[in-house]
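Quick one: the structure is below, questions incoming.
Per-chain residue numbering starts at 1, and chain names A, B and C are given in the order in which the chains are listed.
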Amino acid sequence: MTEVVIAGIGMTPVGEHWDLSLRTLAARAILSAEKDAGGLKPQALYIGNFLGSMVSHQANLGALITDNSGLGGIESFTIEAAEASGAAALHMAYLAVSSGFVDTAMALGVEKVTDMTDGVEKILATGLDFDYEGFEGVTPAAQAALLMQRYIYQYGVGHAAFNWLPLLAHTNAVHNPNAMYRKALKPEVLQSAPPVVDPLTLYDIAPYADGAAAVILTRSGLLPKKPVQKPVRLLGSSVITDALALYDRPDPLRFEAARRSVEQACRQAGILPGDVDLFEVDDFTSIYAVLALEAAGFALPGEGTQLSERGHVPLLTMGGSKARGCPVGASGLYQVCEAVTQLRGQAGALQVPGARLAMTQSLGGPASTAVTHILKV
Amino acid sequence: MDAAGTEKPSLLLKTLKPIGIIGYGAYVPRYRIPAAEIARIWKGAEGSLPVKEKAVPGLDEDVITMSVEAARNALARAGIDPQELRAVWVGSESHPYAVKPSGTVVAEAIGASTNIQSGDWEFACKAGSEALVAAMGLVGSGMGRYALAIGMDTAQGKPGDALEFTAAAGGAAFIVGPAEEALAVIEGSYSFVTDTPDFWRREGKKYPEHSQRFTGEPAYFHHITSAAQTYLEDSGTKPEDYTFAVFHQPNAKFPQRVAGMLGFKPEQIKTGLLVPEIGNTYAGSSLIGLSNVLDVAKPGDRILTVSYGSGSGSDAFGLLVTGAITERQGKALKTRDYIARRTEIDYAQYVRLRRKITME
Amino acid sequence: MEIPRHWRLKKQRYALVGEVCPHCEAKIFPPRDVCPHCSGEAKTPYQFSGQGEVYSYTVMNDAPAGFEENTPYTVAVVKLAEGPMVTAQLTDLGAEPVKIGMPVEMVTRRIRSDGNDRGMIVYGYKFRPVMQ
C-alpha cells in the first residue's frame, strides 16, 4: 500500500475563545498546518465537527471553511461521529490520499462550544440514543457515571483508583502551551472532590472548550526533497462502531469497538499495541480511559486502574482532554497533532524519549465509535 | 305505597343486565404532609385540624399517571384482556390538560383497544362516581361487556386556605362487567342533583373558591342524605343491612356526622374512612374508601357508597360482595400498601412538589 | 415542539411494549428494525412485565435543558427480567439508598413537558423500588 505521511500539523490553543468564531478557529488551524507543511495546500478538506449545526446554527461547513481559509473550490464536507468526529475526518483524508484519489488532503477538527451560554449539555446528549437515553435526561457525563458506578461495584475498586489519570493529565499539561489548564493538581484535591455526577467528580470529566486542529496528509513520494518537518508515517487508521446505546451492549464495561479498532489499526501497521512508545488514549472521562486501556490490551478487564502502580506506556503526554481541554469533535485531531509533536521530537519538557511509534484513539460516546491511528517516524 | 295506597315508582337506576365490579385498584402517592406542618406556616396556634396528614403527588405524577397505576391494579384483579374494555373514563377536577382527554393516555398505557369511549368527567368530587354510574349504564345496557371508570385527583388548595389542609392526591379505578364475573354485584344506584354553588373553580384559575359554612348543611349533608335515603328506601334496605358504608370525606367530621344522621354506626364507616390519613382525594375520595373496603370485604357483605360533588350532587350505590372477592383481593397492591408507603415532607418540599415555585 | 416523535414512540414509552423476534424468540426492547441476535426482521409486539433490577445508576444534579424541574434525579440502566437492558429514571425512592442489583418495577410517569408549560406533557416509563 502507498505510504501516507503527515506533512504538517496545526493547532489553536484550547480554551474559551469568546472572541473567535467557528470559521476563524478553523482558519487558524488550517493556515498553521499549511505553514508547518511548507506551504503545501490540500486538494480536499475533511472537517470533523459535532456541534456546529446546533451550537453555531451552522451546517455546510465545507463551503464555509474552505472559502474563509483560502481553500475555496476544493472538495470539502463535514464528518460527524460525535466526539470522534475529528479522528474520523482523518480516516477520510487517509482514504482519499492512500487511494490516490487526491495527492494531498487535510483533516480538520473544529469545535466552537462557547457560543451558547447554556443548553450545551442537551446538545451533547444528541450523541446518545436520543429516543431512549437523551429523552430520559441522560447526558454524556451521566453515561460515564453509569459505567464508573458499575465498574466500582463489579471490580471492587474505590473511586480513588481512577485519580491517577487526571493527576497525570494535569501534570503534563503544565508544559503544553496549547493546554487550557496549565496547573498541576495536588492529590489531596482529587481525594476530597465531591461527586458531581455520582461517582464522577469534577476531575473525572474533561472540560468542553473551543479549539481547532488540522493535519495535512500526502504520499511519501510527493514530499519535497527537503521537507520542513520530519515526516510522520500514518501506518494504521481504523474506525469501528458499537451499539449506540449503552443498554444495548452485552457487557457495557467492555469497549468492544475500542478493542477491535486497536486490533485492526495495529494489524494494518504490522505492530502490536505493546510496541508503541506512547498512547494518546481518550480521557473524556477517567472511566473511559480505563476501559479503553483494557480494550487495547494494556490491562485485563477490571485491572485498568492498577496500571499506575504496575507502570504503563506514556499516556496523555500533552495533558489529554482532561487538562489540555476537550474541544469535543476536534479532540481526536489534537491527539494526533500531539503524537506527531512527540514523534518529531518537538515536545520539549514533555518529550517522550526516543518516541518512534505512537497510537491515538478517539471515542465517540462511550466507544460507540472508536477511531484508532498508528503513527511512526 | 303512599298514604293513598298508590304504588310509588322506584327512582333506582336499574340496569337491563345484572352487573358488578369485576376489578378495582387504588393509588396513593408516597409523600405526606402533616396538617400540623401546614398549620405551622399559616396559623400560629394549633387549632383542631381536619385531618392528620394528606397525600402529595411526586413531581412526575399527575391524574393521568396515577390513573394508569390504579387501572393496572384493577385489570390485574379483573384478569381480563384490556382490549376487551369498551370505555376508559377518568373523573377528576385536576385533569393535567384543560383541553385534551386524560382517558386517551390512560387507555394507551394500559393496552386498551381503539374501540372505546374515553371522555373525561368533571363534577367536582363526584366526577369519579359519575363515570362509574355511566359505566354501569354502558355495561348494563349491553353496549359493552366491560367499562373502566376512575376517580382520581391531585386536588388544589390555595396556600393558607382551609382547603390546603385536606386537598390531597389519590383515587381508585373500577371495572364494571357482567354480574356473573363480579367480585361485588351492583344492586342499583341513585343520583340526586341540584344547582348548589358551594365550591367551584373558574376557567383559568389555579385554585378553587368555596362558600365557607354554606358547604355544610345545604350542600354536603342535604345531597348525601337525600341520595342515601332514596337509595335505601327504593332498594328496600336499611342501614343495618350493610357491613360497610362509605361517604364522601372532605374532612374527618362530615362523613361521621352524615353517617350518624342516616343511622349508620361508626364501625360500618371505619374501614372506608381514609381521610385522616391521606386527606381528601376529591374525585377519588369515596372511591378509594370503597377500594379499601373491598380489600377486606368478605363474600355476602353489603356495601353502600355515597359520593358528593360540589355544585352539587350525590351518587349512591349498593354492592353485594360475591365469593370471587377472596382470590382477587391479593392480585394487586392493596389500598393499605400505598398508604403504608410514606415519606413525610415539610412545607418547603410541599411547595416544590405542588409546583408553587415558579421556575421562569 | 416534537409531537410526532413523542406520538410515534408512545406504545413503548407508556407501557414498555417491545418486540419478540419471530425468528429466534429473543425479547427486544426498545423495538428495533432488525433483531440484534439473529439479524432477522423484528416486528412482533411484546409486552414486557416491567420487572427488573438496577444494573447501574447515577444522580443528575446538573440537569440538561428540559429536566431542571426534577433535579436532582436518578437515572439507571435497568436489566429487565426478560433479558434486555433499558435506560430510565428511577422514581419514588424512599430513604433506602439505591443499590446495584436492587429490584425495581416499571411505572408510567411524566418525563417532561415538550417545550414550556404550554407544550404537551410527555409520559414514559420510569422504575421504582418494588412495592411489597
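To be clear about the criterion, a residue touches a chain if its C-beta (ideal position, glycine included) is under 8 Å from a C-beta of that chain, and two chains touch if they have at least 3 such contacts.
This is a predicted model, so every value here is computed, not measured.
Chain centres defined as mean CA positions place C nearest to the mean of all protein CA atoms.
Just to note, of B-C and A-C, the chains joined by more C-beta pairs in contact are A-C.
Subunit A and subunit B have Cα centroids separated by 60 Å.
With each centre defined as the average position of its C-alpha atoms, the distance from subunit A to subunit C rounds to 32 Å. Among all residues of subunit A, none touch two or more other chains.
Within subunit C, residues 70, 89, 111 each touch two or more of the remaining chains. Listing the residues of subunit A that touch subunit C in their complex gives 118-119, 121-122, 125, 131-139, 142, 145-147, 149-150, 153, 195-200, 243, 245-248, 252. If you check the complex, the residues on subunit C that touch subunit B are 10-11, 14-15, 17, 47, 68-70, 89, 91-92, 94-95, 107-111, 116, 120-121, 123, 126, 131-132. The residues of subunit B lying in touch with subunit C in their complex are 30, 58-62, 64-65, 68-69, 96-97, 100, 105, 108-111, 333, 337-338, 341, 343, 355, 359-360.
Of all residues in subunit C, only 5, 9, 30, 36, 55-67, 70, 73, 75-77, 84-89, 100, 111-112, 124 touch subunit A in the complex they form.
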